[in-house]
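Two complexes follow with chain A in common, the first pairing it with chain B and the second with chain C.
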Partner chain A sequence: MNDNYHVFSDGRIERQDDTVRVVTDDGEKKYLPVENAEAIFLHGQLEYNTRFVSFLNQEGVAVHVFGWHDHYAGSIMPKRGQTSGQTIVDQVRAYDDPGHRLKLAKAFVDGSIHNMRSNVTYYDGRGYDFEHVLEELEDARASLDGMGTIDETMGVEARARKAYYSTFDEILPEGFVFGGRQYNPPNNEVNSLISFGNSLVYANIVSAIRATALDPTVSYLHEPGERRYSLALDIADLFKPLLADRVIFRLVNRGQLTTDDFEDDMNSCLLNEAGRKTYSKAYEKTLDETIDHPDLGKKVSYQYLLRVEAYKLKKHLLTGEEYVPFRRWW
Partner chain B sequence: MVYIVVVYDMEADRTHRMLKFLRRYLTHVQNSVLEGDVTEGDLEKIRSGVDEMLKPGESTIIYRVSSEKMVERTVFGDDPAADDQFL
Partner chain C sequence: MTDSSTDPVDRFLDAARDETAELPFRLTGVMFQYYVVCERELWFLSRDVEIDRDTPSIVRGSDVDDSAYSDKRRDVRVDGIIAIDVLDSGEILEVKPSSSMTEPARLQLLFYLWYLDRVTGVEKTGVLAHPTEKRRETIELTPETSAEVESAIRGIREVVTAESPPPAEGKPVCDSCAYHDFCWSC
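On to the complex of A and B.
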């Protein structure tokens, strides 16, 4: 079982009776079955101590911390179960070889565009006319071949994402005005949902990469960051349309999230606690959805697809087998 | 994955041992009752753990269902297992 647990309450999180317990500020005690846990997401204000951290390390459970403005603040990762010097060496070699790096960067963008396209196609068939956006996405994808640098490749990704986001204002109902991507902080409901959703995807991929011996800081499309796990950013782009965005459309269009689930602060707009809870629940449900995997010959959960992606990349780096990015096939 | 419901009956001053053990794997839904999804491997660990802990006169029953989808679960009142992934 690879469950994610989300803690929204304020209080303490601690080791108790060989498992994890949350004691809320109201004095309520809630237990979390540690054996089923993949990661614990902390959204509330929580205190913890070293005993808690070493316990989770021993159990192989990650903690992802979310801070002010729903920002991903960082992770406490268990020590590596997997270490392989060879993987790191191959990973860095691929980064250092401009041709190889460019090829991987293009693969990530190619997959991302395909997955954006898949969302647009879905709505194109449901009363919206997105023919022009589909063409724009196809043009962007076709232009990838001719790109000679990482910057140009990034430019293609930006162009595609802009076209993709242009559909949001039409798909989302009245009251949810988007008007283009803004973050730091998000300026309206839609941007705040995208930021929150993307940070959940990112944190899940940080966990998935940890299951391999890959180093999360050595990336190909994004520049290896000083403080970020930039490889997680590369892989997250592939999955944002499938995970983060579909959940937004579903919740907003069905009225399960309304403008009451947000609070406006000085020139920012953020999900409130109820909104974050609603979103995380729908998001976790999506991660549990399963799909027949043609290559693996079995049903796998969306969450497992994230791990498959990390394994595929590792295999490519070690054996040279072609890396084919995740493309929604259903 | 299998879905299991575990109920136990032990001497009053010893029940916390079982609770403490089972909580690592399952959600505590009522006094002496826990339930949840576990892997076959964890089920084996639960079985041997439970067996070791019991004294003469005490008992534990594990109900096993092939999947959570096979369970029809009707709850009256507050559901203690609702949203147990969200604290």
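On to the complex of A and C.
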């Protein structure tokens, strides 16, 4: 259920009867059973036609396209099953009410700091001394209350993330030097991994938001974007530590990803095809992990947590019931 | 939007009888079912909160509805407000997949009978059918059942015009409800 398929090869992707197949440039044919799929991620250079797009539309499957440097280029989303004018109205109203917007922005930051903290706590208990980072994160979180603007709230997020990223150089083995966040393009292996992981989280959240009638461009922490689904950015911050970063630590520390999985360009460093395959495979496995959800009274996958987050936000906007951001509880 | 001095039932009837008038609030047959089962669900429905159509109980209900009595029924739309199934015998049919939903379905059917009687002046008898259990029940409009419908209309209006839904309340139906995860995630 809700499988994602990643296509790395170059070639053609097409509808073949009631399924989708990839014909690679060297003539190999691979079939993707799409009936339970949530999305197809296109990483390679692929040709497709309207018949393919209509078929996926009918099956309710999204296509997320990644372009040069594996940057997220855009999505072809299936047409909405249902729409809700009331939801959009309430979503925009909350954006337009400075107090309400600030409250939501703070909730996103509060949740993401909690989830960063959760990763740091794990390594703090495994032979690293991250007491000072935990304090910094706690300070940042506590300072949120006093912030009066979105900019200040963004500042708290940046401060927390900087402290959080400072642990990466210690957690990751020699040969993987991070030295702070760089993107556009990433300048080293760690930055390349973070960029790739974050873009996968982002695309998955675009799909999750689509399952509600929320408009993905109307956001609270980030400024509503012209070209970006900025609501997906708001929600992505909550989930990056759980979904993207833990995969980095695991793969690199176990030697499943090495510097051989990257290619250096003039002034950038990017995962090569083998590296992207390894990462996305481990990432998809993480999405499939399940956890007992105390409120829902059942086991849910990490991927479903994204859907639940979209539900929670929509419910808050529609009913006024409190929005509590995702905080890892286990 | 509302004028509290007028009874919602009168205002609904006035609007339903006058083609040019706008209905004071949206009222559909299925709302009577939700009103009995869960008022919070009714509020969500009134706000077009979408549900996951893949939920097994929804799929099952649609299948039973589509397949039962297919040779003996006609879909009839009246005034764009109610959509009913009329049997060859002239009775109004309401099909339910299971008898656990009898009371909600009964109220919906009563609303159709009430509407036909009050708005179009046609007296009809209803049949509540459970094809999977091969059981049928005759439903008639009486002064008592009319009063039931009218009280439900007032109640539905209360729910759908409220700013926010009634708080979530755990019920046995929650487990199979399409809104379960929406309602209970926090």
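Quick notes on this structure:
Here is the rule we go by: the second predicted complex is superposed on the first by the 330 of 330 C-alpha atoms of A that agree within 3 Å, B and C clash if a C-alpha of one lies under 4 Å from a C-alpha of the other, contacts with A are read in each partner's own complex, and residues count from 1 in each chain.
Quick note on the criterion: contacts are C-beta pairs under 8 Å (C-beta built on N, C-alpha and C of every residue); 3 or more make two chains touch, one makes a residue touch a chain.
No experiment lies behind these values; they were computed from the predicted model shown.
In the superposed model, A:Ala213 makes contact with chain C only, not with chain B. In the superposition on chain A, A:Lys281 contacts chain B only, with no contact to chain C. By the document's definition of touching, of the two partners only chain B reaches A:Asn36; chain C does not. By the document's definition of touching, of the two partners only chain B reaches A:Asp18; chain C does not. Once chain A of one complex is fitted onto chain A of the other, the partner contacts of A:Thr50 are absent, as it touches neither chain B nor chain C.
When the two complexes are overlaid on their common chain A, residue A:Asp3 makes contact with chain B while staying clear of chain C.
After overlaying the two complexes on the shared chain, residue contacts for A:Asn267 are found with neither chain B nor chain C. Residue ranges of chain A in contact with chain B, taken from their complex: 1, 3-9, 17-19, 22, 30-36, 277, 280-281, 284. Listing the residues of chain C that touch chain A in their complex gives 47-50, 52-53, 163-165, 167, 180-186. By the touch rule above, chain A contacts chain C in their complex via residues 81-87, 211-213, 293, 295-297, 307-308, 311-312, 314-315, 318-322, 324. For chain B in complex with chain A, the residues that touch the partner chain are 1, 19-21, 23-28, 36-39, 42, 83, 85-87.
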